[in-house]
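Two complexes are shown next, each including chain A; its partner changes from chain B in the first to chain C in the second.
Right, the complex of A and B next:
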């Protein structure tokens, strides 16, 4: 057993020195390889992190949301409508929700206003997300002012800075009391933004939605599974777009790697011939080639993954955030919650390292089985 | 100890015995199916399908979980086969899952809808409800055939469901 390890060690030693002998070519290969892994891993990490943020967001989403439309456009909904909706079998509770967006022209940012279901701030005080706190330089206990719907600024005392598992959710959030919300937005007292329904049995979603539209034909019930599908399609589509853009780069790499891996240069064939003449066996040469492929692809893989991780979670995907996020450029910058999925890393590994290693072995095996003197002549 | 305080103590003891006695079905609580609980009729793991789960509790404390009201009835109507030595009188409580709010309710008082388009883990099911109005609405919404009570369920009816 120690013998076996010793043998591998010597072969790796030889492989490394032989790689160093062709420094320029191997460095170029390593660089391109790393770049490809970096791009692929960045796309994977980024879309996955976004999907995860969305899933966290939807965890707390109600099963059915009822919106009212007027001439096909979104409209506030009368709170009184919740009584009849609550009578529908399977609806456990109906909660009128008050929320909306606010554009802060001074800071060029969009905020999300919400009246929370539990523990709302007192009139005159608000909770704000960490993103707003950072941008406005406001901390707990400070007074902060926002311009209301009528152009008159209103000042609030900051009760809390919100920290949340999902950055996307809490970053731009302002929690305020119902009185403040109505005063700030101008929504009348008998209206709500939408109605949030709790339904225990997911089999009833369709039937309940149907009954609601029958009672109130100008409403639009939105089922949670639909939201999930939309998010998935959106992020899937965006990551697909990015992959298409970079597929040219991937193709170039594939050609490069193929050329490098399959067609052995005359020099390499000579090297194999000499090694065989010196007394190496075919299996030794294959082992050497295997280690050569492993060293290059594993290094590229690890470096690429680490760079992608830093890129996505520490620089907020500076390179392609405009393509992937894109739903609102006004959105305050938000760092994604670092998250590493082993399944993803494994997928990437089997898509890059394994095929590369295999493609390097096959041609060497062909070269190694030829008579050494035919190769060297 | 005087006579009055003795009386109070006796009342407390009596209350304690009544409160813990398995003979009083009102005091029995439905138990959640564990990850290893199998349906004694079809052998499926029950915890995977909480939306349809049913259970029978015996006076000796044993509890059997079923993956639907249909299998519970199969068991109940054929005790000699599934639970030899036990009689219907040994049963302390029966629970089925209410379709609308997914809570467990007393199987004896429930309303069951048969022939609907809602399928459980074992195919066509008897769907239980607390109130008759709910059952009637469900029957209309899900193309059910009839509303039945506990005593109406017969082996022939169960065979027709399979």
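Right, the complex of A and C next:
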């Protein structure tokens, strides 16, 4: 047993010195490999973080939302419709909601205005998200002004700065009282933005939605599971943009690995021949190549993952954001909540480290199985 | 004793560029003896040397090492025999560039799993034996031809082999360095090693080192001279 350990040690020593001897080539290899892992990991982290933010948001969303449409376009819904909808079997509660967006032209930012279901601020005061607080330099107790629908500014006192597990949910949020909301947006007292329904049995979502459209044909019920599917289509790995980036990175990796699989320099072949001639077994050479592949791929993998983590969660995906976010409603910029999914890391590991290590061994195996007398000729 | 019985070697068998490097030959090499295979380039001496040293398998015929038939042994066993029984000195030295003289000497012993400190000490002693102690940490490409040759000899001896195999060992050395090489081999012979050399250099086959000179031509044994 000590011999086996010592033998491994010798071979690892030799591998490391081999890597150092070909510094230039191996550094270039490491750089390309790290870049590919970085791109793959960034895409995975970024999409997963967005999906997670969305999932957190949807956790608190009602089972069914009923909107009213006019000629296919959204419009406010009469609060009186709640009574009839509540009578449908399976509906536990119906809550008219008041919410919308406000564009702050001074800061070129879009805010989400909401009247909360519980503990709304008193008239004249508001709660704001941490993003707005930072951008406007406003803190608890300060007075802040926004221009209403009629062009007249309204002042509010800040009651709280909102902190939330999901940055996406809280960052651009303004909570205000119903009176202030109606005054600010001009929505009449008998109208709401939409109706939020609580339904006990998830298997009844479809039936209830159907009944609502039968009673009010100009409504559009949105079931929570549909929203989840939409988010998945947008941010899942199969979505268009992501598949393009992901495929490009995978293709680059395949070309890179193929080059390794088919190429072994004359010098490397000669070295393998010498090692065999002086008494190294084929398995010793494969072990050496295995360690070589492992050192390079593990280093690239770890560095790539760490860089991707920093890129996504500490620079807000500076390289991808302009392309991937793409929706104006994501202003003000929000940092994603750092989160590492071990399943994803494992997937990436098996997509990169394992194939690379194998492609390092294959050409060496071919070279190591030739007769050692080749070095004598 | 190494016994080759009717061994031949054909390269690129069945291809348009098929080439018979060695026609069936038989040869016995006694232990503790020095045998020189002599002949011009392409006479088959390197091929015969490689076959006897388990570096390749013959196309036909059998080889016995101390009466054990080794031709049909699996690759693993051949490697083990190569490592423990033979020490190789190649024509081009075949040292690994970028590594130090010391590391080059230690390489054949790596698969044995010998403790690093012991192996290092033995390799240093071996280098010192050839007056290369001071050059142990020097990279191979910084050494002169004679020094590189001596490193190659030290490497050949690291696993304490019974048989030394040298292929055209003086082809890259000047006359003085060639004579130094003969002196080293004479010393090793005196210590009981079996030596088999392939060479077409008169300094080698005319020296008092050889007990036996086997002359080869066109892949066949042409003549054999035994020194008295």
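Structure notes:
Basically, the second predicted complex is superposed on the first by the 354 of 377 C-alpha atoms of A that agree within 3 Å, B and C clash if a C-alpha of one lies under 4 Å from a C-alpha of the other, contacts with A are read in each partner's own complex, and residues count from 1 in each chain.
Assume a contact is a pair of C-beta atoms (placed from the backbone, for glycine too) under 8 Å apart; a residue touches a chain by one contact, two chains touch by 3 or more.
The shown structure was predicted, so the numbers you read here are calculated from the model rather than taken from an experiment.
After superposition onto chain A, the modelled positions of chain B and chain C are compatible, with room for both. By the touch criterion stated above, A:17 is placed in contact with chain C alone, chain B being left untouched. In the superposed model, A:203 makes contact with chain B only, not with chain C. When the two complexes are overlaid on their common chain A, residue A:9 makes contact with chain C while staying clear of chain B.
In the superposed model, A:277 makes contact with chain C only, not with chain B. Here chain B and chain C are compared by how many residues of chain A each touches, and C touches more. Once the two complexes are overlaid on the shared chain, A:147 sits clear of chain B and of chain C alike. Looking at the shared chain after the overlay, A:90 reaches chain B, while chain C stays out of its contact range. Of the two partner chains placed around the shared chain by superposition, neither chain B nor chain C is touched by A:213. Distance between chain B and chain C in the overlay is 54 Å (nearest C-alpha pair, rounded to whole angstrom).
By the touch rule above, chain A contacts chain C in their complex via residues 2-7, 9-11, 14, 17, 21-22, 267, 270-271, 273-282, 284, 371-373, 375-377. Residues 51, 99-102, 118, 134, 137-138, 141-142 of chain B are the ones touching chain A in the complex. Residue ranges of chain A in contact with chain B, taken from their complex: 89-90, 92, 200-201, 203-204, 207. Contact residues on chain C toward chain A in their complex (touch as defined above): 46-47, 49-51, 55-57, 75-76, 79-80, 82-84, 88, 90-91, 94-99, 103, 107-108, 110-116, 155, 159, 167.
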